[in-house]
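So that we are looking at the same thing, I have put the structure below in structure tokens.
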Amino acid sequence: MTGLVLKDIRKSYGQVKVLHGINLTIDQGEFIVFVGPSGCGKSTLLRMIAGLEDVTSGELIIDGHVVNNVPPSKRGIAMVFQSYALYPHMTVYDNMAFGMRIAGESKEEIDRRVKSAADMLQLTPYLDRLPKALSGGQRQRVAIGRAICRDPKVFLFDEPLSNLDAALRVATRIQIAKLNESMPDTTMIYVTHDQVEAMTLADRIVVLSAGKIEQVGPPLELYERPANLFVARFIGSPAMNIMPATIASAGNPTTLKLMDGTSLRVDIETPAGDVGKAASFGVRPEDLAIATDDEFLFEGTVNIVEALGEVTLVYVDGPVEEEPITVKLQGTVDVKRGEKLRFSADRSRLHLFDETGHTYRK
Amino acid sequence: MTGLVLKDIRKSYGQVKVLHGINLTIDQGEFIVFVGPSGCGKSTLLRMIAGLEDVTSGELIIDGHVVNNVPPSKRGIAMVFQSYALYPHMTVYDNMAFGMRIAGESKEEIDRRVKSAADMLQLTPYLDRLPKALSGGQRQRVAIGRAICRDPKVFLFDEPLSNLDAALRVATRIQIAKLNESMPDTTMIYVTHDQVEAMTLADRIVVLSAGKIEQVGPPLELYERPANLFVARFIGSPAMNIMPATIASAGNPTTLKLMDGTSLRVDIETPAGDVGKAASFGVRPEDLAIATDDEFLFEGTVNIVEALGEVTLVYVDGPVEEEPITVKLQGTVDVKRGEKLRFSADRSRLHLFDETGHTYRK
Amino acid sequence: ADLKFKPGEDAKFNWASLDSFKKTHDLKGQTLSIFGPWLGPDRDLVLSVLAYFEDATGAKVEYAGSDSFEQQIVIDTQAGSAANIAVFPQPGLAADLAAKGFLTPLKPATAEWLKDNYAAGQSWVDLGSYKGKDGKTAFFGFPYKADLKSLVWYVPENFADAGYEVPETMEDLKALTEKIVADGGTPWCIGLGSGAATGWPATDWVEDMMLRTASPETYDKWVSNEIPFNDPAVIGAIDEFGWFAKNDKFVDGGVAGVASTDFRDSPKGLFTSPPKCYMHKMASFIPSFFPEGKKLGVDADFFYFPAYEGKDLGKPVLGAGTLFGITKDSPAAEAFIEFLQTPIAHEIWMAQSGFLTPYKGANPETYANEALRKQGAILTSATTFRFDGSDLMPGKIGAGAFWTGMVDYVGGKSAAEVTAEIQKSWDALK
Amino acid sequence: MHKSSARSPLTWFVHISVAFLVILWTLPTAGLFITAIRDKDQIVASGWWTALSTSTQNIIYRAPAAEAQVERDGAFVIAGNVLEGGKGGVSAFGTSIREPTAYVPGQAVDAGDGTKLTVEENGDFRIESPVRFENKRGIRIFYTAEIPPRFTLDNYRTVLTAEGIGQSFLNSLTVAIPSTIIPILVAAFAAYALAWMKFPGRSLLLAVIVGLLVVPLQMSLIPLLQMYNKIGAFFGVPAKTYLGIWLAHMGFGLPLAIYLLRNYIAGLPREIMESARVDGANDFTIFVRIVLPLSYPALASFSIFQFLWTWNDLLVATVFLGNSEETIVLTGRLRELLGSRGGNWEILTASAFVTIIVPLAVFFALQRYLVRGLLAGSVKGG
Amino acid sequence: MEQLLFALLTIVLGVVGAIAYFYGSNLLLDRIFPANVPDHARASQNLRRAALIRPWLFLTPALLSLGIYLVYPVFSSLAYSLFDRSGTHFVGLANYRWMFFDSEFRESIFNNMLWLIVVPAASTLFGLIIAALTDRIWWGNIAKSLIFMPMAISFVGASVIWKFVYDYRDAASEQIGLLNAIVVALGGEPQIWIAMPFWNNFFLMVILVWIQTGFAMVLLSAALRGIPEETIEAAVIDGANPWQIFMKIKVPQIWGTIAVVWTTITILVLKVFDIVLAMTNGQWDTQVLANLMFDWMFRGGGDFGRGAAIAIVIMVLVVPIMIWNIRNARREMEGR
């Protein structure tokens, strides 16, 4: 059963087009994460689903009904805002009960639902407090609690954790994961620009860029088989190393020629007609290792070394002049600036993109 | 030559004591990072060095001179604020030139220094713009440029990157690293609560907690040999797993008894008198691996699995009831919820803390 | 309401007139609203008279007073929310409103009655007659309560101490003025200040001087602008005033003080020790502003502002009166105008303070004190009687340009200059 | 702020300048307050700033007339005290207005007709005559006295006990309270609509309202009163009613109210509003349950302005409510008092003080909201 | 007691009436278009319809009273200004023509220009100085309250106070006016301040400045507090002294508020006549437009033609300010 369907959704503010035709079907109970660079339209899309922005054109279908003209409160959605958006003059209890009071629920029912949500989010001791007497994490939990109390069909989150500090972020993220589990029938749509959140929470990730969908898929698929250069660069941190190349010979394996003349063989099939065309060759920093045998991918001079304890980041001036190559090495590795090193990578973990940025499928 | 000395620096706001005697010697040209939980006094300390807050007691020595009562502008410092703090009504050029104009520098000198700083930070095209017409990263660069123009002996940064998004943060971080290299005589003090920034930038990290210094040392030392439980927990993400235990037999190796009765041997020396005392046993998530042979550290049931592509985080209900153990496994690992797994760790990478939280030195 | 004097008790009063009025008028249940400029003690006094009307007719009278009467009456009439009766302190204002059609003409019989029963009756009728909206002249304002302006106030004991005599002629007055200066004193207190109306006391001086230097006919022409404001006769009169007011030695506070001293503060100088001045020219109402406890006729007294012996113009008297006009007609309003024609309506106020009447039918014995009676006598026996000219001029002049002009004059401009300006303003109105 | 300069000379300069400005600003009012409690003779004799020092005054005392005489040792004597029991002392006296300070106290002088006058320093005087006094009025004794400062509440008593002042006080409240609350309510609704509701012509409407800030009030009086009269006549009710004046005050106060409140309400966090909308609240509920409580500081601060204006107003009240005994407002009543006692500083000052006192009380009660209220958008989400 | 009850009742009636309108009308709207009907489509349609109507429910009272109390009089004044004093004869632009040749009008325009330059500038400047200084001291709030106090005083009350300050006695007697007392103490001659042509304008302006400074101060002090602290600290580190910080960092950042304060006071200056009326009534060359208008409208029987014509001039004078405000409002609207 489909929970939510977006059919060629477009949005313009006056002359400015923000969304250029979004098509997406979301199953009931799915956890969908929207990611994308700042300004690409994530929030706008979410707010359109919520009914806070008008749909310029296209159809928005929730539970089989076109809801383009249905006001927010009738769409069966709940939303958690980045800035919490708690009612500052109401206690935690009242914040959570507000929606139900408006809907005219009975006192007992309100009490029951608030209490159970508070229980679930460990907010029971704070029910009588005003938001200003809560810490950031607690506030965000209240916002989530308020949404839970609405018992929504679709749960919308707009960067709910971005105002929290690192430790709290991890804790709250886990809480959201649990929430998702405990509400299996509720569709959740989550906007973030935090990689980890997207990867850990999503059933499917939707990568947006400049108002268009770049790729939709489960997290690991996006990580392992990005559909194009944009997704490849966007998913993973530090970002994938991309090097311009030309296709020297097509087929499987394909031979590439890098800028400095180095030749390279990758186990990816390319059509014969593409010989001589420009391509981009990509490899993730964490897939690179210091070559132990003679076979290596490329050679470079170490520029910067960042030892993080767990891993060591090495920035290497490689075959491409301007763009240093990032290498992520496990543990603490003793490399020095200026050292010349050779790096190898598992051949199956290399990526190749055509002229237009599309991935050559393995 | 010492650049900066803090001698028993204390700070109170009225009755509230915020800093309880900070002693620290910083060499000229060193890059020092202050980390610590929110509210521990990092900013306060930095602002005292800058001269924006009075020193309640103690001595602050820059370049051999006590500067407690020297006004900020005479201390030879420059500061970059978290919120950029650009003058909104001045162009980028004027922002950078303001300090020199006040100091009455000649027009040519001002021009020379602004231009060179702008060059260095790739700001030359924006010199005539107002701050509101710049992106976040550009604004932060302007703030840095403004500081550079002051040609300071001590460079202070208060969470300069926390308002930037992930990609920008990485880029600007690298720029700061380069800046540090290009100004070898300038002492830099940097406040952050971002692990990666601290680890990558610092010559030495100062870990603060509740107004006291917990540990000072190079990043890897903090990661590998935390002085106490606090530092152990604070450095590294996800945080080190800590399990309460009792010392069953002292010496080297030490035998521990975990809560569920499991026995455990660690290659750390403990004094004989500590037998029977409580201790905390710690292991970093990234040091754990799925046991391949019979020897294992502990057994647990998988609760949550977060696949990040590059790594997989597994939360395991282990020997201690309430606190799940976090395990970070390289790459994509196929584990399922509810699975029972055994985990092992390199014995040299285990940590042990005494009753009071101090590390038993290896 | 309480009646101040019990009807029938004091034989001085003409209670019969009250009784007969009572018999012919029954206005039970009706309300009569009156709007006037009187506030404070004056308000209490007029209320004491109105009480008899209420008692006699059964009507309810609502009196409202305002110190911004001039503006308020314009707003009210213009907007159609005027009271039944308005009490005009200045005929000019009444004339303006009459011309706009906001006043109801009184019965012709009333004018007849006035002519017969008021001393110098015709001049009172003229005072209340204006052109209506239709351009026809009719009688609109019933004069009630007169003021006498040609008075000079002094402290008899001070005169006695210094050995001064009350002057009988203008020549004597001027000589006395100079003598006082020669004795080291200051003869006059003159204050033109009156907030928004600053300058008006000077107009009284000028009018009095006009009557003493020019014929009454010239005066009338001046008032109606048949001769221009800057006629030599007017300039001469103003300079006569200037002889007194524009001499630093003659006035308390010097010339500079004249325009800025409040007219209400000004008479206090008579009573200080040593006296700031010996004489103060002001209308009959001024004792209200004497320091508390000064008994009229003993602590303070007045003499007639004398005329030139050398000019054969008799003993002219300048006066003023308030006019009652109907701003919203009703039987009660008509009845009230009739009430004002009974002796008792005058006598009640006469018996208290600050009230003069030219009504010959009212018993002078009812005047509360000798001073009032003396003033009443001056009023009823004047050889030449003229009304305050500035009140008769159009409001913009008589209550505007003339005032301002006099302030400017005292401030240093010449009489010729200010009169030319005033004439210009007058021209602009035509 | 840069804290380490806390004890620098600059801080002293700031303290002194602020003190100077505060004194400059309060001095005129202080003069008023002090004058109002001074003895009325002293007000005109010396400046209020000398209120605490002893003043020298020339005073005329009228001795008792003949009936007060007593025969003593063959002489007829009238005695008493020129100071009438008051404090102070006599420094000089005289018998003629021309030389009121001719003699020093204690001297026996000829007071004419063979009578002898002595005035002691403590004010005791004695008039002695060998023959029986016949005069009906006592003679005047001129003396110079050192009068210690005298303070009195009489001036206030005069003003506060003036007839009808209580009624006027109530009238003023009846005018001012609804004239404050109703426009605020109306303006707040309008401000919310202009800030957060979507409808065609919204920005034009706001612009027009801002433009209306500048319409001079006096222009409106006559057309409006005319209209009131017509309406009154049509319904057979009086034209000048409280309802009428409330509405008038509302009309005149609205542009500023809408302007200020809209600025504030527009600054409230959008997410809170949207959150409430998702919760199922309509605009009315949002306004009443969310916006109104959050705008409390702005409402309080505007109500100070509006209250000050309606309480101090005289023009609108005279025109739309009238000056009759039942309806006159406090400012009108005090103007009456001034009009009839124009020259009396003591009444003037005391009554001015009485008009100020209520607005001041309101101001001091609410002033802490003022600064906060005008700080648009000071409420942050959560 | 009875009066008290009556007053209380009236107050309650008025306030409750206003509340009842808003509550009732919205309740009615919700009744007509109920949101809680079972049919989902109907409910959302109802909600949308209600949302179309509701803004007007909110706005109607405000628009009605603005229309009646401000817009309608503007037009009726425009009409009046074309008629003569009787209000019956159409005279075209004669009133305007008269105005241009009237010396008093020219004097008023001149004085008004003085007022327009001096009062807003002085009030804003003092307000700014006080706001800036009081932020730095512990008794700043007390100081602010005292300086705000004149705002609570009616114009009439203020005039009484200042008459007392400007009071004049001749040189021989003791001065009871503060200003003259000071002048005399310094060895000068007492002056009749309000009768010194040209300068007396300034003595009158002082009164309005005295009153309005509190207003400016409140707004500006709020704005000053809104300045990000960090920009100031950055300037401290850059070596700017307090004066430089104030002039180069703070003032430019609150320029918008300064403009608003300036505008508001400018408008007020054009409208205020009470002070001139009470102090001089335009004598000694102190006439201003608002008082001139009042004079013509209500003095001496009233000449509405000329009064209204002057009113129109006042309105025209503020047109530039109005346009500026409308522009601002528009620009701000576009931002949301």
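Here the chain labels run A, B, C, D and E in written order, and each chain numbers its own residues starting at 1.
Please note the rule applied: contacts are C-beta pairs under 8 Å (C-beta built on N, C-alpha and C of every residue); 3 or more make two chains touch, one makes a residue touch a chain.
Quick caveat, the model's predicted, so the values are computed rather than measured.
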{"item": "Interchain contact steps from chain C to chain D (minimum; 1 if touching)", "value": "1"}
{"item": "Chain whose Cα mean lies nearest the overall Cα mean", "value": "E"}
{"item": "Taking each chain's C-alpha mean as its centre, the one farthest from chain D", "value": "A"}
{"item": "A-E or A-D, whichever has more C-beta pairs in contact", "value": "A-D"}
{"item": "Geometric centre distance via CA averages, chain C-chain A, whole Å", "value": "93"}
{"item": "Whole-Å separation of chain centres (CA-atom averages), chain B against chain E", "value": "55"}
{"item": "Whole-Å separation of chain centres (CA-atom averages), chain A against chain B", "value": "26"}
{"item": "Chain B: positions in contact with at least two other chains", "value": "51-52, 71-72"}
{"item": "Chain E residues counted as touching two or more neighbouring chains", "value": "35, 47, 51, 233, 236, 294, 297, 304"}
{"item": "Shared-contact residues (touching 2 or more other chains) in chain C", "value": "75, 78, 195"}
{"item": "Contact footprint of chain B on chain A as seen in their complex", "value": "37-38, 165-167, 170, 174, 177-178, 193-196, 199-200, 219-220, 223-224, 235-239, 284, 286, 304, 306-310, 313, 315, 328, 330, 332"}
{"item": "List of chain C residues in touch with chain E within their complex", "value": "70-71, 74-75, 78, 92-93, 95-97, 99-100, 133, 195-199, 252-254, 256-257, 259-260, 276, 394-400, 403-404, 407-408, 411, 421, 424, 428"}
{"item": "Residue ranges of chain E touching chain C (in the complex, touch as defined)", "value": "85-87, 98, 102-103, 168-171, 173, 192, 194-195, 197, 277-278, 280-284, 294-295, 297-304"}
{"item": "Contact set on chain D toward chain E in their complex", "value": "1-2, 5, 10-11, 14-15, 17-19, 21-22, 25-29, 31-32, 35, 43-49, 166-167, 170-171, 173-174, 177-178, 181-182, 185-187, 189-190, 192-194, 197-199, 202-203, 205-220, 222-224, 227, 242-243, 246-248, 250-252, 254-255, 258, 266, 280, 282-284, 287, 308, 311-314, 331, 335, 338, 345, 348-349, 352, 355-356, 359-360, 362-364, 367-368, 370-372, 374-375"}
{"item": "Chain A - residues contacting chain D, complex", "value": "47, 50-52, 71-74, 77-79, 81-89, 98-99, 102-103, 131-132, 139, 142-143, 146, 150"}
